[in-house]
Amino acid sequence: MPAGHSNATPCIGIIANPVSARDIRRIVAHAGNLQIADRVNIVLGVLTAVAAMRVRRVLMMPDNGGIRAMLMRSLKREDNLHHACPEVEFLDMEPTSTVDDTFLAARMMHAAGVKAIIVLGGDGTHRAVVRECAGTPIAGLSTGTNNAFPEMRAPTVTAMAVGLYATGRLDAQQALAPNKLLEVSINEGQRQDIALVDAVISTDRYVGARALWKTESLAAIYLAFADPQAIGLSAIGGLLHPLGRREAGGLAVHLSDDPSTRKLVLRAPIAPGMVREVGVAHWEPMPAGLPFRVALQAGVVALDGEREMAFSAGDRVRITLRENAFRTVDVARCMQTAAREGLFRLSSSTPQRRPAPWQARIPSP
Amino acid sequence: MDESTRAVITPIVMPKWGLSMKEGTVMAWLVEEGADISVGAPILEVETDKIANAVEAPDPGILRRKVAQDGETLPVKALLGVMAGAGVSDADIDAYVAAYVTPVESEGEEAEAAPAYQFAEVDGLRIRYARRGTATGVPVLFLHGFGGDLDNWLFNLDAVSEQAQVIALDLPGHGQSTVRLPGAGIGALAGFVARFMEVLGIERAHLVGHSMGAAIAAQLALDDPQRVASVALIAAAGLGPEIDAGYTEDFVAASSRRELKRVLEQLFANPELVSRQMVDDVLKYKRLDGVTELLRALGRTLFSGGQQAEQPGLRLGQAGKPVLVIWGREDRIIPAHHAGAAPPGATVEVLDGAGHLVQMERANDVNRLLKQHVAQIADPGIG
Amino acid sequence: MAGKNPFPLSRDALLQCYRTMRTIREFEERLHIDFGRGDIPGFVHLYAGEEAAATGIMAHLGDGDRIASTHRGHGHCISKGVDVVQMMKEIYGRKGGACNGKGGSMHIADLGKGMMGANGIVGAGAPLACGAALAAKFRGKGEVAVSFVGDGASNQGTFLESLNLAAMWNLPAIFVVENNGYAETTSRDYAVAVDSYVDRAAGFGLPGMTVDGTDFFAVHEAAAEIIKRAREGGGPALLECKMVRFYGHFEGDAQTYRGPGELEAIRADQDCIKKFAAAVTRAEVLSAAELKAVDDEVLAVIEDAVRQAKAAPLPAAADLTTDVYVTY
Amino acid sequence: MARKISMKQAINEALDQEMTRDPTVICMGEDIVGGAGGDGEMDSWGGVLGVTKGLYAKHGDRLMDTPLSESAYIGAAVGAAACGMRPVAELMFIDFMGVCFDQIYNQAAKFRYMFGGKAETPVVIRTMVGAGFRAAAQHSQMLTPLFTHIPGLKVVCPSTPYDTKGLLIQSIRDNDPVIFCEHKNLYGFEGEVPEASYAIPFGEANVVREGRHCSIVTYGLMVHRALEAAAALAKEDVEVEIIDLRTLSPLDLDTVLDSVTKTGRLVCVDEASPRCSIAADISAQVVMRAFGALKAGIEMVTPPHVPVPFSPPLEDLYIPSGAQVADAVRKTLREGKL
């Protein structure tokens, strides 16, 4: 954990997943590719914005996917150009290029007491952060394949909102919003995990390339919320029975290809550029705290679009909706409040000094 | 009046042997200045890129002056020497030599001259042939041998065309004709020649065949007598069993200039006559797609194991045609003693110092014999 | 048991893939030892640690599908079906080796098996694979060509030009970037301006994806889709396999450039064979005993290969000048 | 005799006949179709000098325009050759080998040997060579020695339309990689060429002219310079023998040695730079194998050891002339023992 830091110098974390939007849906569908250079640009934009909000220190997750390497080169240039930038410190960890990197980074950032974590990724990345960050508020930037959870918004604006909260100019009441999630437990907590948007039961029964796109293998979908504008498996719920992320309860949708048991066939965008028909047997609300038993004997639970937990005959799989499970920075509300309170106005008598450039300290490899 | 006193000066010029000949090299004078020379006597050796041959005296007279030196290469019609009667003064000779200008072959002349070669479509095959001479009467049709082409008659066509119209063709699969056979065997080739004559509108012809071509001629005379006025067989196949299979097989197999030169040398009594150009020309033909396979097949059918499969010449008597048989005594491909099997009444000439390609090696003699042969036949076809 | 099998491969197929991975591992581990002993001349670049990539991809290829390999080619050879005895003989420079001792470790090829050769020139295989794909396109039998390159090779013009050519001609070509983190000894962080191979493909309009190259099942499923797409005329694509290299760039490389504990960590946590074994035993598709039996069998095979290689005759002087031309 | 066509037509005819004969023959190169993908005529160029004009109409997609990306498409041709095709790749100018040489000398040339005789790579790389086109230093070189130096490659450089057709057909049918060098200043040169297909075997030099005083060994455009020299020398009663090597690898040394043994004098004429050139190689071979036959020192006629200049007067000086060749012959006659 980085030394010499205190609350006097507000610090935020950035977890940028280099391999989000890199999965097999590029091959089987028409999912786009957000280039590393663009991700680094987003991070640079975020750094500039939080610097403007007086955030002096940023902890970053190191990666072997190209973001760290390119960002370090870019920060040297920023420094040469005397652009305002916070001190960027990479967490002292050896990247494994797996989701474990995100888990570990989230834990370390929590331990380091960052005020908030800005996450670059899709639903899967956000899930991984939330699972390990022990309640540290997060702000999402959608750079994934499915981005039902992170809202589409200019990263600079998100970063400014985070900056306002991190530097204490907005308090938790004003800045943060509670969120729902789904808790997945196999054999009474023997194996446990969460999903922020959807927990999908597939007959696939193995993890493989993780992403889920074969509708014929879908058995059931459990949703924390269901946005009709979303892409991904949550769209099935969103187009069947919309449910807002701030509304109470969740939604369970049971699927079936069997004409005798299915009630209707729904057309939904289950991946970018992939609109499929799925047979729906029935659906029901999920009251908070009430465990739902998964009927399927053996298969895999996909969390926020990625196959994660394989289970077989004898395993007892339960899914429970939790409310007020974690907090996100409510960017829209932050910016409105800050604007109303004139937080962005500078008095003409005291012109703002350009902050001195900070050296980006680079851990020697 | 005495020839020698007549003030006639006869130039000896570089001959034109075949249309492609542009120049020749004087190899050696065969007579000395002052020698008295009779008509047709060889005067000097000239080599072209195709072959060496002797220049013969066009008129009788005394060789008064050697103008060209040994080893000199000169254009066609260049002055090589001067013949004249004794009465002509050296001054006149000097003046004549000084005044002599080699006539250049103008483009015009070439254009006027009949095209060197023509092509005819016969039974779906494109056949190259040459036609020379304007004489009326029964024409002479030349049939080359195995692996040969109409250029085998290079030194004969022009000469014989003074006597009668001459036609020479590239047999199917030979020369520049389509690389396909009308069928295996002499009979099929003879039948094809008959069709060729039909297409060209030749009712009757004197057939002159060399080697395999001779067998074809004999076969045609037997199969289709009314098409044939007479038959001349040169180093003929079909008059006996033996043939040097080594030659036919090596000829087919040879792929490099080296190999082929050695093979072609067997065709001559004097192997030095095989020039680079001759070898290259044959190579160019042999390299055409399909030729090697075709010749191998034809060779196997006709001459496998050193045996001639067909000997139509032995039955030629039945055809009752005038027959001329010419052979080179040193023929290494088909032994000259086969000449003995010529049908009764045939004229038989075995020439010394000549091999299988006798019509090249002893062109002048062969031409003379052919002209006599054709001339002496009172052809019922006319008048 | 079949009903229990959650994987998209039969028990036998799984067992075969395990056998292949173990054969590669054992082959390389053995070379590591024998090279240390000085038994082996020249360079050897070991594939140990990367087995899942070659095996997961090659599982979808037949002899009619061609691959162009790299200097680190042993794994590709074995998984493409090249005989290990011939390979071992070749590496020992013996007659009867895959290349009669004329190629060595860096040039093992078996065109009959669709193995177009390991390659000593980094990045040179990509254009060759384009050619193989072009030939496949003309043959029209749905064959594909796979080009393997390392993260280092992805900086070569040949690789980038090949991406363009393959995209332009819509060739059934698949580019596999085996990203083991090091271009020889230089970290990709240093050597690659934008350390994403998917991005390079995107620059030419090719779809690309990244998988955990240490996860056999991830590679296998990804390769299935990419190869199927190419066979059906969907054109070229890029597959980046994030993987780990258990040994140095070549044998004799002290690997001082690695971080402390790096090797121990990857051997402990990112051993693709351990992961595979754990998955298939946990699912109770294959038993530990069955796997052990394969291990023993493989040990014997490699032992025998080494024995045969050492016993094989060295090339004769006359062999020096043969095999330069078909005809000359 | 046979009809006369230009060397350019001979190449076109050879490609056409081989593509018709063998469906595995494909052609690729920059602009060999010309206009591919544009709105204009599909076959608008047929190669930068129109050599492949008209082939697209007959053979369609077996004639492929490539991006300006030599490494990729030359490599692709090599790869396709190793997989059962007979590709003819056009490297527009031999000078461009610099950007794709690896695929030629490390891949194509070595497959057979590296793979223990188990590979065949029947690829043909057609490429323009030679100076005299005012194309300057990077489009005018005669780099034949560089390729001849590489074991595994065959190198062809014809001087007549007849040889061009026969040698190109042989190159396509040959099972080894062939570098087929076309002298851009001979494209318009006409000669008699049979319409039928034919192949001229490699490794057989052509005795263009027989002579007894001095042997001139050369290839490509220089054959014609040698002929100029021969004509001039004939007027001086000097008969030179001219040997056109036709293929530089394999090399027909026997024909060279036979000739030198006959004439006792040798002039090697090469359009390539003098150092480590074909001329230098032939000279060395003759000294090693026929020293006794030499009546005089060997002469070499080559350009100076400089890049090809642009300015016409300079380029004209650069290219060996008939006069230089004749002088070299006279020198061997002057200096030699008779």
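Of note:
Lettered A, B, C and D in written order, each chain numbered from 1.
Quick note on the criterion: contacts are C-beta pairs under 8 Å (C-beta built on N, C-alpha and C of every residue); 3 or more make two chains touch, one makes a residue touch a chain.
All values derive from a computational prediction rather than experimental measurement.
Connectivity of the assembly in the absence of chain D: the other chains, held in place, form the touching groups A, C | B.
Distance between Cα centroids is largest for the pairing of chain B with A.
Distances from each chain's CA mean to the overall CA mean are smallest for chain D. Across A-C and C-D, it is C-D that has more C-beta pairs touching. Note: centroid distance chain A to chain C, computed from Cα atoms, is 35 Å. Remark: chain A and chain D have CA centroids separated by 65 Å (rounded to whole angstrom). Note: centroid distance chain B to chain D, computed from Cα atoms, is 39 Å. Among the residues of chain C, none is found touching two or more other chains. None of the residues of chain B touches two or more other chains. For chain A, the set of residues that touch two or more other chains is empty. If you draw each protein chain as a dot and join the dots that touch, you get a simple line with two loose ends.
Contacting chain pairs (ordered by label): A-C, B-D, C-D.
The touching residues of chain B, when paired with chain D in their complex, are 20, 73, 116-117, 176, 179, 255-258, 276, 284, 287-289. Residues 24, 26, 62, 64, 66-67, 69, 71-85, 87, 102-103, 106-107, 111-120, 151-152, 154, 174-176, 203, 250 of chain D are the ones touching chain C in the complex. Interface residues of chain C, counted against chain D in their complex, comprise 66, 68, 97-103, 107, 109-111, 116-117, 119-121, 124, 126-132, 134-136, 138-139, 145, 157-158, 161-162, 164-165, 168-169, 322-328.
Chain contact summary for the complex, chain C toward chain A: residues 4, 6-8, 181, 187-190, 192-196, 198-199, 202, 207-212, 215, 217-218, 220-222, 225-226, 229, 237, 240, 242, 259, 262, 265, 269-270, 279, 283. For chain A in complex with chain C, the residues that touch the partner chain are 18-19, 22-24, 26-28, 33, 35-37, 64-66, 68-70, 73, 94, 96-98, 204-210, 298, 300, 310, 312, 365.
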